[in-house]
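In what follows, structures are represented as structure tokens.
You will see subunit A twice below: alongside subunit B first, and alongside subunit C after that.
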Partner chain A sequence: MSTDTSSAQSPRDVRDIETWLIGHIANELKREGRSIDPTEPFVSLGLDSVSAVTITGELEQWLGIRVSPTVPWDYPTIRELAIHLVAELERAQ
Partner chain B sequence: MHVGGVEVGEAAEALERYLGDPMLATNQVSFSRSVHLDEIEAFPRAMLRRLQTVGTQSHLVPRELGGNFEAFDELMALNRVISRRDLTLAIAYGQTYLGAAPIWVGGSDTLKRQLADIILNGGAGALALTEEEHGSDVLASEFFAQRVDGGFLLSGRKWLINNGTEGKTLTIFARTATNGGPRGFSLFLFDRERAAPSCVRPVPKVLTLGIRGADISGIELERCFVPDAALVGDVGLGLEITLKALQITRTLCAGFSLGAADSAIRLAARFAAERRLYQGFALDIPDVRAQLSEAFLDLLAADIVSRAGARALHVSTEQMSVWSAVVKYFVPTLSEEITRTSAGILGARHYLRGGHASGVFQKLLRDNSLIGLFDGSAAVNLQAIAQNLRTLLSAGLAGEQATLPDRLARIFNPKCPLEAFVPNRLEVFCRGADDAVGGLPATLERISKVHAHDSIVPSLAAELLLARDEIATEVTELHAKVGTAAIRTAEMMQLARRYCALHCAASCLHTLVWSALAPEAIATMPAIVDRLLGRARIARRSRVGVDRDAIIGWLQRLIDQHLAMSVVPFPLAKSGAVEENP
Partner chain C sequence: MRFSIFFFSSNDALGEGERYRLVLDAARLGDECGFHAVWTPERHFHNFGGIFPSPAVLSAALATATSRIQLRAGSVVLPLHHPASVAEAWSVVDNLSGGRVGLAFASGYSPTDFLLAPDSYADRNRLLDEKVDVVRRLWRGESVAFSDGKQDRVEIRLHPPPVQRELPVWITCGGASVDKFAATGALGVNVLTALFVQTVSDLQQRIAAYRRARVEAGHGGNGQVTLMLHTYLDESVEAARAKVQKPFTEYLRSSVEVWAKGFKRLEEVPPHRREDMLAFAFERYFRTSALFGSARSSIPFVEQLAHSGVDEIACLVDFGLEPQAVMASLRRVIELRDRLHSEP
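Our next item is the complex of A and B:
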């Protein structure tokens, strides 16, 4: 249930997923999307583990692929996670 | 329940026979020996040997590795049988499992076989996780593993480690990336006998309030070589494997609390029934009856939620981060209340270090206060629930709905066969599914069919849903007010306490609906749920008329017939029973 318009469309590339993630994280942290750096680690952005897990659950629903709750541990920035998810999406096709 | 033809309860019942009546001083695991060892602060080495002789160690090792472990409700029952006699012994025994669980969850086949052999030969184990400076903050651990040719060099100090010196093996949590982080730690199975003695320094045992004979010490290593084969799983998986293993052990810890509470009530009830006061028996005093019956109802609640947690490990494995936190917070909390109440009934007797039941009660009371502290303290577990409340109470992320009734039947009917436990299904974090609370609508639907003639059970079920909605509303309001900071507020911790009571009450209702209980258990269930609703809701008036005479009557029959205080009672050693051999 995102207010982000990109969530209604199917994701195409890293940029789509980054936009989606920035929108969600901004909403979670009550911050401006523009102030969020996609190369900054989730932890330094101030995202706690529970919020990160919530986002992986929503990502799973949006993308239609399995997204492990620990995926932010392995890909600790918005950019790294987006690149990983695009690769996963390609693999799933 | 049957797994591979073994009736659960059978192993626990057999262990009762092998250990005999704990009141009989000549048995090796007796109250009088336990109190003596506690007085001299001695490790229960001979008692552990007794457990090894009668085959109890084998239940810590999965069947495919040559052991006898099949199901967690059975292992919990064994833990309970030992714990009702002596928590020092039970904890020393349980530590070996705490050390082994990470290997069962994430170790290679070779490592699993190596550890299985050690445990089956009586080798004790330990989990070396905490450090003096960092406590529960494990990501701050400084103990370091440096990669070298063919293995690692381990350096650092682990402190407050149960079996830290007695353990032949220690499962050590070590930093493998200088900057740490969730992928910056790894686990190693350290075999004391394979290490160069010059690299190993013992850390002395600490003096404690309870379990005085326990070996709560530590270990210090300096550039101690362990081979690559000692690494559990892979580099960087230490935190993930540890958190998953703790979901198992936190659930199993309930066995400690159940055993202690069972003995506390048994000692108090026997005393009250025999004690002559004011031309009557203590048990005739209305307030004594009220307190005893309430303690008994709480023990039955703890019994139900613990068994459900143990069975959920097999069925709703992915949800265990929640179930284990609920069980680990709620059961020790109830047990501490039960033992305090029992102490009140025993009066001055509870304070004596000799005489009545060899003075075991004061030991039990001190020992039991540890359970809520270790393996993730009450606060740590409550915080874990508080963090997840918003997702737990939001619809749409619940467990898979089509198979929900089937899962409920398998979790809550103790006689229903369980599939083998699959460690790979454990998840570090929950995504909001909790079949106990999430299954309430399904059970309510079944109640409307099965309990249609009944008025109290359907109304209690409806009230549980109301309690869930109340908690959900308050969580949403708190979140709207303070945002993500809500998870650290005292209000959210209080809501988490109420959620635990709700999860437990829901478990009771599911057990009533999905299993075939004895008439006494069925008759008592509304009173158990009613008490839990008092914890789940604020300013609630009880709506169940409690038949205290019936409850005390059942309690006394369980005592007289030497049965465990459980909704599924299993036989305990009879009065004066001499320990038997297998």
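Our next item is the complex of A and C:
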């Protein structure tokens, strides 16, 4: 994994991905980032198919790995999804 | 919990002799096995639901093919019609069936459908309320005044008189608004709804609002909340998934084409993302918003719905499975019902 300190864009750990997800979900749902709990299920956050597909598409671009649009169903909270994505990134190395 | 059969979208691709076979076979099976009702929709001028331009005509056939099952429209698009025509047609069905008719009324959404009543489109929501009242009054035997061919006022009554003294009425509440549930409660009629745009927890709150509004308006009884649910039961969850994944995804694709017109957010999804959206939507239905699985696996979901205030699950069956699979699945719904009722 890159340790390039100049690249604030590249995710290093679960917390980076959580922060990214909270920011993007807050933007999609027009909510304050502070009001989004990373352990609350996506379904109860109100994530619909359009939002989910937008966010998984942006995740793919950011992370450079395939992110299935159905991944929020298998990893139903921001935290679980972030843990899963870190594992996927390590596998992709 | 009551279980019914709901038709929604059968297209007219089948040959002449086959088009109505599933509707007739399912209604007869439902009649024998104790399904509560068979619901048919009203759709116009499109392949999606193309065999259902007239639920009254179809229900007249079902009336003579069955003896116990309730015969319901889900829904009559009332602003398209003169309320006296609707009352007449369904009074015939009520007579033919010995009083088994129930009608859900909807305001309609497709501008094309309104070629039948072009002046009614803009005002369809208000017209729905007015016309529901007129149909109910005619059904009770009241005389109602209309303008005749010379623009004179003329008072008429319904012929033939129906068997049921009061028409069982539902209002179709898509789920986009809480207010619609409360308004339906205030009217004292029943609710027909779905999980297309609402979650079960949304629905629970809306049913509570419906029941509060009933009480506040002084209506007796609890009212009935009927939930249409895409249904396929197999031996196991895995078998159900394997069976429905392809046809249900195709069905979602064709329904998006029908419903998504005018929904800006859906139209903004770029074409290469549409498949992803369908995959996500499939999972949503499969896991949270449909009766897909086995008789055993579905019990917790049905119990959750009962706890949320749902009285009747209307099993939506015509989303692309072959007829034999639909019939086998309906028998498993009976197994599910019997399991529920046999539990302590």
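Just so it is clear, the second predicted complex is superposed on the first by the 85 of 93 C-alpha atoms of A that agree within 3 Å, B and C clash if a C-alpha of one lies under 4 Å from a C-alpha of the other, contacts with A are read in each partner's own complex, and residues count from 1 in each chain.
What we mean here is this: a contact is a pair of C-beta atoms (placed from the backbone, for glycine too) under 8 Å apart; a residue touches a chain by one contact, two chains touch by 3 or more.
Source: prediction; values computed, not measured.
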When subunit B and subunit C are modelled together on subunit A, clash or fit: clash
Which of subunit B and subunit C A:E28 touches, first, second, both or neither: first
Touching partner for A:P69 - first (subunit B), second (subunit C), both, neither: both
Contacts of A:G57 with subunit B and subunit C, given as first, second, both or neither: both
First, second, both or neither for A:S44, with subunit B first and subunit C second: second
Subunit C collision site on subunit B, chosen from 58-66, 184-192 or 346-354, when both complexes are overlaid on chain A: 184-192
Overlap of the subunit B and subunit C footprints on subunit A, listed as residue numbers: 43, 49-50, 53-54, 56-57, 69-70, 73
Sites on subunit C touched by subunit A in the complex: 199, 201, 265-266, 268-269, 273, 276-277, 279-284, 287-288
Footprint of subunit B on subunit A - complex, ascending: 28-30, 43, 48-51, 53-54, 56-57, 69-70, 73-74, 76
For the subunit B and subunit A complex, residues of the former touching the latter: 181-183, 240, 387-388, 390-391, 397, 427-432, 483-484, 487
Touching residues on subunit A, where the partner in the complex is subunit C: 43-44, 49-50, 52-54, 56-57, 68-70, 72-73
